[in-house]
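One chain, chain A, appears in both complexes that follow, with chain B as partner in the first and chain C in the second.
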Partner chain A sequence: MAVIAEPVVQAPRASLLSRALENRSFLGSLFMLPAILILVLFLAYPLALGFWLGLTDTSIGGTGHYVGIANFVSLAKDSVFWLSVFNTIFYTVTASVVKFAIGLYLAVLLNERLPFKSILRAIVLLPFVVPTVLSAIAFWWIYDSQFSIISWVLIKAGLIHNYIEFLGDPWNARWSVVVANIWRGVPFVAITLLAGLQTISPSLYEAANLDGATNWQRFRYITLPMLSPIIAVVMTFSVLMTFTDFQLIYTITRGGPINATHLMATLSFQRAITGGHLGEGAAISNAMIPFLVAAILLSFFGLQRTRWQQGGRD
Partner chain B sequence: MSSVHIRDVRKSFGGFEVLHGVTVPIEDGEFVVLVGPSGCGKSTLLRMLAGLENITSGTISIGERVVNNVQPKERDIAMVFQNYALYPHMTVGENMGFSLKLRGASTSEINKRVQRAAEILALTPLLERYPRQLSGGQRQRVAMGRAIVRDPQVFLFDEPLSNLDAKLRVAMRTEIKELHQRLKTTTVYVTHDQIEAMTMADKIVVMHDGIVEQIGSPLDLYDKPDNQFVAGFIGSPAMNFLKGKVAVNGTASFEGPNGVKLPLKSAPANSNGQAVVYGVRPEHFTIADDGADAEIIVVEPTGSETQVYAKLGGEQVVAVFRERHQFNPGDKVKLKPDPSLVHLFDETTGKRL
Partner chain C sequence: MGDFNRRDILKVGVGATTALAGAGIVPVRAAEWTNTPEANASIRVLRWKQFIQAEFDKFAELTKAFSEKTGVKVKLEAESWEDIRPKAAVAANVGAGPDLIIGTLDDPFKFPDKLIDVTDVAEYLGAQYGGWYPVAEKYGKKGNSWIAIPQGATGGCMNYRISHMKAAGFEEFPKDLPGFLKLCQGLKKNNTPAGFALGHATGDANGWCHWLLWAHGGKLVDQKNQVAIDSPETIAALEYAKQLYATFIPGVLSWNDSNNNKAYLAGEISLTLNGISIWTVGKTSPDPKQQEIAKDTNHAACPIGPGGKSTEQQNVLVAYGYKYSKYPKAVKEYIRFMWDKANYDAWEVASNGYVSPPLPAYNDNPVWTSDPKITPFRDCLKRCLDNGYAGDLGNASAGAMGDFIVVDMFAEAASGSASPKDAAARAAERAKRYYQA
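Coming up: the complex of A and B.
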């Protein structure tokens, strides 16, 4: 059946709407609108509100007034705040370094020809799958002063005589929450790095093998540099997530003992919601921003240096 | 430089045998091409030679040394991979010098040798570039440069030209051959392209389904193929095959399909009535009054020669003429094979008679 196309009759004056729909930039804006709305509603607005609250003395139930940088001035003299800054940095740096080391080790291991590889991969992912609060509660039990399985095992083995005060002593508590965070964060690092490893062509290793590289040299000269872009991305994410961690700490120690494990996020929550001082809590949150921006910039410029990926300018 | 001996080598992948006892002697300084259709086991054999696959049975020796249990890095061989396998995060110069660096050579020594290899391959202006900034042909040369710098006992090439366009392929063919004439390093070169094999090899090893069909110089294989597979594989366009039988009646001749009679110079003893395959290369047909009747189907002039597809005894054959004939589809012609250049194969075994 041949249909003879009728000559398209151009409407003498297309309606405003149909003309607008022909317009590239109008159409582009239209398509972006949902995304923009979501970003504004759930990202920009809370952020702006947080900024604003940080500059007021708002408390729960009361309207606040603009107080300038008064909140920050008082925080600067607040030793608990500075302790939380120290704790956050300690927590982030130690946990990230260890997560990276263990994650890379696991990724390299899982990338080898292993028996039961898929089962092993599933096992590695487990800590990531369990809801954070559940795993935090598990750690809370592990670290319990009377029921701790670690203390129990060590005592039965005759290695120690008294139950360890995991969460009662400041430094024990700090290390304890770091270990919990590592356990929780390693799967993300390991699985992402494993995905990165799998993009490295096996023929590069074969070539290196023929070129005379030992196992260590293959790792040092092939794996590590080829993986560096993905390492930068993963570790940025990992640092950001660790720096802003809340759930683990809040469930295991609530910041104790005597604020020894308070992170900036938990302190902010405590001052704002528990204590009712929304303005002060928001100011603590805002104080995290420079650190986060610094971390992002660091990885951004770190990423830029991998010139071999982007081609040169010539 | 070194000789290489592959003796009765077999290879199984998880109980499935892909190489069924391959024996290939390779002389010192020889350029040997392993050729065969895709999947016949060429790459596997080459990788076993490199030490990248272990040897299920048989022995491989390089020089006097059996290398079955020698690590790849201790075999002193260099390989050019099909995908080149250049290190993307190293410059051309670093790629070429990597093996020397691993061996702990001094920076000045590395630079000297990289420079020399770069000059041979015209890579000097590209030494600072990264692989992704190079064209396919340049990457190919860097891969060769990486091999040359090492000055190994043996060069291995696995289909190094298959990612290049046709023109570059021809140019690189010549370049690799020249390089070999200059360096005289023993070379094993894998390809599925019989033209590459014919043009480059001192010695061709024709492989098929995990066995060696024939080993010989390019012209040996062309003139005296051991069997029907080699006859059909070597030469382009491929040899024509007609099934029929030998008729000895004072003089010998071949009786093909639909009563076609084709000439034979001589018949093997007691072969009257034997079922055979008659093989004639397209370039060995002539137009002659005493030829067999054929009808032209398609004419393809290339300028230097003309390929003619015709029906001969109901079968399609192809003939190539260097002279210019005015043929048209449907024309009746008389095609005559040159009796001294035809091949006879046993119909069941495919062996040359």
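Coming up: the complex of A and C.
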């Protein structure tokens, strides 16, 4: 009997692509690729380029040469650079501390049952909504040496006889720009902390009330520890934004008088773009990195201590 | 340079062709130059933003006429002149952007290799109209080649209130430094003070501080580009500035380029250094008070120091085309058309004397004598030194001015935050970082 062998029907072999698409690791990497590209293209590359430029003598329109740490050595002997470092630290510390205090106060206040709460919240947000340059121009007029509304009111009230030199005196100018930064930065802190406050379970407060806790104790042992992760994030962002501020200073003082309000960011711009020395400007920007990393580490790890969050003493 | 005047110009032939006699003045060649723009050319022109609308309108009208005449399409854009500097540099860096930029001061000298050689059109214009002012030539020429075409200067003069000057005991504006100090002291005494910007005011502060430094014989660098600011002449200038500062209205340390305009038109100050804009704004203002101020305003050249020569610093405008342009011939043709005397004259009339001409031949424009108050602005390029004085124009001169080294030195010494000696020494240290780089 003749046996006829039946042909073996084999399952079609899956293509490489379809097999790859079924692979979780490959698929995960594929989905991450756009994010990686964006990060490399818009963050890592500019950062690396900035770092490299800081090690060169590149001028605008010209090709630079590698000069090692010559720009940093030169900056170390530059009194204007050190003044800008001092100004930046002073500006960041004072403005951040006050922004936090006022922001937290406003957040706690707005978290209470208040009449017209929504309107009040919208009003608090206003300074953040106004474009920075416009608010800076408004402050420039408010601080004007001849037309200041503050001086005008005080003179009309008979409290002073001469216009205040808000921007003409080095220390007055420093405090003036700090105030402008606080005005602009408080809404961000307040609204973000308010969002954090609303995540705290009311049952914690109810339990504390039953235990006879005072307002201060409720704030100290419930609100503050529960809010600290949000505070860490908010203050990290706030410090970063204050440290790298440019628009307010450039519009109001351009770093004057006599460089008394020059921040590292504005000095970097002045040297790199106005002065044309890209290498030196980049070196100033690079010099900001250690300060920024220190600020981030301090606020992040300092405020994320777990025992503190649990109401303990570390 | 201050000694240069139209008597130095000798007429030598072809049409209006003349040659400038005197040291450092380029002998001009015959005004012959043929140029045909590329077919279907289209160029992008970026220029400084107008302060006087009629000036820009006329410029745009002439640009349109150029397109109609030559078939070259022109896209005209305007930006604040301070914003043009970084944009021009970026265009040079990346090799893309406007075909032609009309910017300021020593910008072309920061990236000379990226620019179109415009020697032919520069020499043609020079020959056609009797030569350039020496300072204009310095702003246009690197070595033997022209890299930019000077457009003139948004000139600055002393703006003063006539009645207040007379009340301070002066019938005429003083022409020397002792007289100028005395006038400022008199104005202060009468509670009608002067005000000169000492903040980071790119135009005004750099203008008067450099004038005062140079008037005393001081200079940032010598002819070999060696830093020379820490000198007895500089100390003398700073001592003088200290006395002058005592007569100013409070707050000048914070002033930028617009503060003196506002203060003058509000009647807060009686004397400042500025362009013709204060007077123009006052004259055309609907506010009777500002009109009255304009009527009482006159202009004068900056007083001359012990050296006996004018030493002003002016905001010189320069046009430069980029090598990356596909239409360099169209760029040059546009320059030829816009700098043509008839066109330049019409534009100058529309600007009401806002731009001091780079070619002495343009001085006969009736706008300069239509009102004696305009006349002092005509000769700004005749009276000024270049901002790299006494050295070269380039990255170092641009960097030093952009970093406000001279302005900060004057601000420190005048306000008393540093002694004149210390301020000069600090300025020298800062300048070395640019000139020894």
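Definition applied: the second predicted complex is superposed on the first by the 292 of 314 C-alpha atoms of A that agree within 3 Å, B and C clash if a C-alpha of one lies under 4 Å from a C-alpha of the other, contacts with A are read in each partner's own complex, and residues count from 1 in each chain.
As a working rule, a residue touches a chain if its C-beta (ideal position, glycine included) is under 8 Å from a C-beta of that chain, and two chains touch if they have at least 3 such contacts.
Predicted model, so just to flag it, every value in this text is computed and none were measured.
Trainee: Once chain A of both complexes is superposed, is A:S25 in touch with chain B (first), chain C (second), both, or neither?
Mentor: So A:S25 meets neither chain B nor chain C here.
Trainee: Output check: A:S118 vs chain B and chain C. Expected answer is one of first, second, both, neither. What do you get?
Mentor: Neither partner.
Trainee: Tell me which partner A:T199 touches in the superposition: chain B (first), chain C (second), both or neither.
Mentor: Once the two structures are laid over each other on A, A:T199 reaches no partner at all.
Trainee: Quick check for you: in the superposed arrangement, does A:D211 touch first (chain B), second (chain C), both or neither?
Mentor: The answer is first: A:D211 touches chain B but not chain C.
Trainee: Quick one: chain B or chain C, who's touching more of chain A?
Mentor: Of chain B and chain C, the partner in contact with more residues of chain A is C.
Trainee: Contacts for A:S15 in the overlay, against chain B (first) and chain C (second): which applies, first, second, both or neither?
Mentor: Neither partner.
Trainee: Do chain B and chain C touch any of the same residues on chain A, and if so, which?
Mentor: none
Trainee: Flag every residue of chain C that touches chain A in the complex, lowest number first.
Mentor: The touching residues are 85-86, 89-90, 92-93, 110-111, 114, 198-200, 249-256, 259, 262-263, 266, 268, 395, 398-400, 402-404, 408, 411-412, 415, 417, 426, 429-430, 433-434, 437.
Trainee: Sort out for me which residues of chain A touch chain B in the complex.
Mentor: 201, 203-204, 206-213, 217, 221-222, 225-226, 306-309, 311-312, 314
Trainee: Can you check the complex and tell me which residues of chain A touch chain C?
Mentor: Listed in rising order, the residues of chain A that touch chain C are 57, 59-62, 74, 77-80, 143-147, 162-163, 165-170, 173, 253-259, 270-271, 273-277, 280.
Trainee: Which bits of chain B are touching chain A when the two form their complex?
Mentor: Interface residues on the chain B side: 50-52, 72-73, 77-79, 81, 83, 85, 87-90, 98-99, 102-103, 129-133, 146, 150.
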